[in-house]
Amino acid sequence: MTLEDIIKETKTYYCLECGKCSSLCPISRHNPSYSPRLMLEKALTGFEGDLINDQELFSCLTCYNCSLKCPADVDYPLFMQKVRTLAFAQGRYGVPADSGILQSFMRLMLNPAIEQRRLEWLSDEYRISEKGNILFFVGCAPYFEFAFEDFEAGALNIAKDSLKILNTLGIEPMVLADEKCCGHDLLWTGDVESFRKLAEHNARIIKESGAKKIIFSCPEGYRTFKFDYPHYVDLDCELQHITEFLAENMGKGMLDFKEVKKKVTYQDPCRLGRHLGVYEQPRKLIEAIPGIELIEMEHTRDESICCGTSAWTNCDAYSKQIRTERLLEAKATGAEMLITACPKCQIHFRCAMVSKGEEKGPDVEMDVMDIVNLVASALEDNGSE
Amino acid sequence: MRNETQVKKSGFEPKILAFCCNWCSYAGADLAGTSRIQYAPNVRVIRVMCSGRIDPTFILRAFQVGVDGVLILGCHPGDCHYIDGNYKTARRIHMLKKMLSQLGIEDDRLRLDWVSAAEGKRFASIINDMTERIRALGPFVR
Amino acid sequence: MSDVRIGIFVCHCGKNIGGVINVPEVTEYAKTLPDVVYAEHNLYTCSAEGISSIRQKISEHKLNRVVVASCTPRTHETLFRNACEAAGLNKYLFEFVNIRDQCSWVHMQEPEKATEKARDLIRMGVAKARLLEPLEEVEIRVTPSCLVIGGGVAGMSAALNLANQGFEVYLVERDKELGGLLLNLNRLFTINGKAEEVIIPLIERVKNHQKIKVHTSTEVKGVAGFIGNFDVTLDQKGEERKIKVGTIIVATGAEVLKPVGQYGYGDKSNILTQLELEERLNKGMGDEQNIVMINCVGARIPERPYCGRICCMVAIKNAVLIKENDPRAKVWVLHRDLMTYGTEFEKYYQKAMEKGIRFIRYSLDKPPEIVGNNKVKAVKVYHQLMGKEMVLPCDMLVLTTPLIPHEDNQDISRMLRVSLSEHGFFLEAHLKLQPVEFATDGIYICGCARWPTDVPEAISQACAASAKAVIPMRRGYVRPEAITASVNEDKCSGCGTCVLLCPYNAIELQSKDGKKLAHITTAQCKGCGTCGAACPSGAISMNHFRDEEILAQVEALVI
Amino acid sequence: MNNSVLIIGGGIAGIQAAIDSANMGFQVCLVEKSPSIGGRMAQLDKTFPTNDCAMCILAPKMIEAGQHANIKLLTYSEVLSVEGEVGKFKAKIKKKARSVDEEKCTGCGICIEKCPWKADSEFDAGMGKRKAIYVPFPQAIPNVPVIDREHCAYFLKGKCRACERFCEAGAINYDQEDEIIEVEAKAIILATGFDLYDPTPLREYGYGRIQNVITAMEYERLSSASGPTAGELKRPSDGKIVSDIAFIQCVGSRDVRSNRYCSSVCCMYGTKEAILAYEHRPGTKSTIFYIDLRAVGKRFQEYIQRAEDEYNITYIRGRPGNIELNRRNQNPTIWYEDTTTGETKSLEVELAILCQALIPPRDIQKTASILSIELDEYGFVKTPDGLSHPVDTTRAGILACGCVHSPKDIPDSVVQASAAAARAAEILSGGT
């Protein structure tokens, strides 16, 4: 794929150079050297080298804040994804966060000889099936759990509580021991080949499982399966985020919530919100819990602000500023707790609260919880934990 | 020229003559009416097609017969229905004012201003302002 | 004894006037005024009863002046004038007194002062009414033919519209052929059809129309007269001919600026104007792979501040044609604002972007520079929106230049006594509401002679000009404003002050009995009265607003 | 009724076409759906680039159309159907019940004064109120009020009748019914103009959420001496007179999410409105955000230059991303990238004005199907070949002029109106 092809595919040629993207971009508002518009200008004027070697190429959060409002219909995140592919081919991949530990894990998974023990956390209290129609895609939670141990990322609890809720509904889904990373982060950092391999692997084992429907608790996996896999593999399954599934089944009388007296606010994850358009179901779910008061932040739904980093890359001072501001916005609502629906949002927000030896900034302490955990904790007959 | 003994200023009701052009200022005066904007009842309007029609003689005659103040209201610069009649008026009034000052006639007694067809309120406030100024000056005596 | 007999009708307008002003008292007062023989008050003077009462009282009391004191002449004067006319009274013997909009409505809390003001206003109205004179609305015959100057798309479209309505048209074109600027064009935006497919059939229709007399290689040498009666002298290669027309349409077009000396135009072999490129495209392009276009060459600069309106579309059109001809070619359009206004042009721009034409914004502070000696090899441009200088390889440089007015517009404007704007294009009577009329009646303007236009706009304006021209011709006469100025030749000193002041060129100095005297072409006078106010000899009288009338009003203000 | 030309739409284009046709000697029927002719132009304060007061130049035309012997005005009326073909069209027109007898009404206005019920004024773009019995604006033609039955207490609750009690002409008629009028016409001219884009869906600009973000038409009424604030630029949140304002271009234009076309006039009307702000209060600072400054008409570039040099107006090239509310002072804060420097910044102003797009009339589909004419992809009236017949439609004998064809300024609309009259005359003369 050449740069010209990318321009065509992402409709970059329609760019009116109006700068709306840059003025909406959370990175541009903090980082003066990053402008989505200038990235497009470089492409349109044929400065391919400048574009690929641009330090900021991996700063884009691919949050879709720009594209959703782009008057010329340019798919900027897709443009980023594709241009990063060109960059990756030349050995450029941005600055991996946490020394690239997570990227290393993803690539290690490519080794067919690896035998994961990723389901060790599954105790008897969770009922799963060997065969069936519904598959729960666990995602990278088991890995995150250890990677971010020091600030209690709680990623694994999302998987656990997902199962608990599904069980409450009488559903005993399949979970796959040989499930691998969906490839989201590799795809968005330009490593298409690795992504393809992961996609092929996952598609194969899911097909073998006979699943007809896949439920995700992670919006990134969901997005990747829904929009990216079809370009690489053939997988014919119904896909749903757990909040969609629950919102759909809530009315069947099987989810009895006890009262939870709390003021909460909700962070729309970029993937779930702007990428997939799921705004209402999580809210419907939160508001179904008696006693809960949901207060919206200033920027909400499609105008929501990203948690500041994507694909574990270029997590820098600007990322921290973004999430600090977002946390302050959440606190300004008067809510006691910030609810999100993506494990990464939770990790990033919690990280921002940890002051690693630096001068103390504004007080951003706040409870953060995944919506799945919230729902599980509100269920009557709360057996676990 | 002033007769300060005859009439006390406070009880003095000036008589003011206003020349309005048909297209803008007369329409603005009508709009003050349709909008029921209240203003001092001291003005009497003479309608002409264009402020360019106003011959200095008319103004001088008004002072001769005992009118206390004269207003010339035209279209805003650039708005003239007859291309540029109001510019010509402006030049003419400018000249006339210089001459009146030679006679010792107070500058406030002759006023040129612009009122558009949409400026009922402006018309009313010009009338009020003019009335107050003339009241302050006292009557113009033949 | 005066033989003036005035009747006065005072309107209550329901409570609108009557609720504030003591109408019966005012009516009684009116009866005491000089020459007033009758006065009455009506609930609504404008109602059917009111109108019939006016008519009845005119004959009953042999009234020869009528005064109505009611709302405002702006809306109701015509109604009352017509009532007078229906009773056999010249409608200019009617006078309106505004006691509602400018009295009762604005002094609602002061009924006594409002009543006093109403008395004053009626007294002033009567003072004027006593002096009113009947005015005749003369009819001037209009020759049912039109002279169209200019045989381009605008002129031909105007001619066809007029001719199809049955009017005789003299279409005068200075060149050998009809067609104008379109003859030199390759294709037309936004349909991208061949220009000749539009212009050739149009020429045929014009030539074959029996109502259109085409005069090519002909110039208009002289024009005299006024609306309805213009005497025109045509000059065909030295051979003079006189014709008489009722109306004139100016459609002389404009020309494309040749940017001599700019960006090396004229010195370097591979620099063209868009117009020259059209010819190349028509004949077939060479193997140029890198084409750079620079827009706004000679436009939107201090010396020529205006925007050429259509140039952006011309550049886009030719860029697309190059790209369609050879998809490998690279086309860059350097611009300062893309003026693709409206629905079709913006779409046209989007199509060009789809095709891979790249647009670069430059600023006037850092204009593009060319690289190369005998030929342009590259263009250096500061990309304003990247803050970066670029060097674009260039096999062909195309300069986009605006339409500029013909130099001889000056001569035509003098001959027709119409004005030019500061840009050198013709000046319309009113930029917004009279865009195809001149201040001089009977002469109209359309197409690029007025301002740069594209083909559909030129055709619209041509038809609009035709609409204006056809009105007096259909009617067969014009009835000029009766409220006009007239000259008392005995008093006129021939100073010419009025000639300079008249915004409509209605006054000229004419020799009469060895004297120079002001002469007003009544057909052209609009009745503003500016001349009358300025005449040092008091020789000009402004009908219906005569000095005597206005002075009488002034004098009546103070008892 | 037998009319030679039926004109639909009584804005400046329809009025001009009517006057021209009537002056040519044709019988004209001019149909307008609102209670008065005048259209959008009547709502404007002043007009670019001459800054003529709109009403000063429009009102005489309205009066001329209202009094012309050859023009039959049907206001508060709608065309229901059109049958036949060029040379012999037959239209059915619904003349809606005004509840006021046009013959008896003297236009004295006492009914309006006495009416105790109010509704939002359409003419004032919702910025002011009108009565339940009303004329849209003081200079309305015809100057006959209409009872808005949706807000009239008598029609809603059966009580009140104040207007009837005070009307000495006995013109109030609550029982008046819609009337169907048949009109014959040889040619039809469509001049229904445009509607304005409602920027609510562009939530990033906060219209409807942030009080001090208003549309250009709302601003126009604020600025107008005859408007709800008598020409004082009082902002909605607190009535403060503003002196630092910003205009955002291309709101609903050049945007794939709303309308992809350019609305032609916004750069100019935005500039005009900024100039007016300065004229209202010298020193006022205006910032105009634009993409391409489309000033292509006669004297337009000079107008822009003057705006910059003399009226404290700054043009910034960049389409703002969003507007946020400063809760402390109710000021809108505009986020934008100055594309000439590449800096992303914010600007806090006292009032932000959205230069909304011109869109096809909201009922254009219905009109098109009644007239059997084709529309373009945006909903504007299509010309037969996009070139040689600029005021024709796809159906013989039906012409169109003004903004219903595509957004355009007043001179271009007036040109097209006269052109449509000329084309109608050609048709009526037996041509094509």
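First chain written, first letter: the chains are A, B, C and D, and each begins at residue 1.
The rule we apply is simple: a residue touches a chain if its C-beta (ideal position, glycine included) is under 8 Å from a C-beta of that chain, and two chains touch if they have at least 3 such contacts.
The model shown is predicted, which means the values in this text are computed figures rather than measured ones.
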Open item on the list: Per-chain Cα mean versus the mean over all protein Cα atoms: which chain has them closest together?
Closed with: D
- [ ] Write down the chain pair with more C-beta contact pairs when B-D is set against A-D.
- [x] A-D
Task: Separation of chain B from chain D, taking each centre as the mean of its C-alpha atoms, in whole Å - done: 35
Open item on the list: So the centre of each chain is just the mean of its C-alpha atoms; given that, what is the distance between chain A and chain D in Å?
Closed with: 47
Task: Between chain A and chain B, centroid-to-centroid distance (C-alpha), Å - done: 74
TODO: Take the average of all CA coordinates in chain C, do the same for chain D, and state the distance between these two points in whole angstrom.
DONE: 23
- [ ] Two or more other chains in contact with one residue: find those residues in chain B.
- [x] 27, 34, 36, 81
Task: Where chain C touches two or more other chains, by residue - done: 74, 350, 385-386
Open item on the list: If I count partner chains per residue in chain A, which residues reach a count of at least 2?
Closed with: 14, 17, 37-38
Open item on the list: Thinking of each chain as a vertex joined to the chains it touches, would you call that graph a line, ring, star, complete, or other?
Closed with: other
TODO: Give the pairs of chains that touch; include all such pairs.
DONE: A-C, A-D, B-C, B-D, C-D
Task: Residue numbers on chain D that touch chain A, as the complex places them - done: 203-204, 250, 254-257, 291, 317-322, 324, 335-339, 342-344
Open item on the list: If we count contacts the way the header does, which residues on chain B are in touch with chain D in the complex?
Closed with: 23-24, 27, 31, 34-36, 75-76, 78-79, 81, 116-122
TODO: Flag every residue of chain C that touches chain D in the complex, lowest number first.
DONE: 13-16, 43-44, 46-47, 74-75, 78, 161, 164-166, 188, 190-191, 193, 198, 202, 300, 305-307, 309, 337-347, 350, 363, 384-387, 421, 423, 425, 430-436, 450-451, 455-457, 459-468, 470-471, 474-475
TODO: Spell out the part of chain C that touches chain A in their complex, as residue ranges.
DONE: 350, 353-354, 356, 358, 360-361, 383, 385-386, 390
Open item on the list: Show me the residue ranges of chain C that touch chain B in the complex, using the header's touch definition.
Closed with: 72-74, 98, 100-103, 105-110, 113-114, 116-117, 120-121, 124, 429, 439, 483, 501, 503-504, 526-530, 532-534, 542, 545, 547, 550-551, 553-555, 557-558
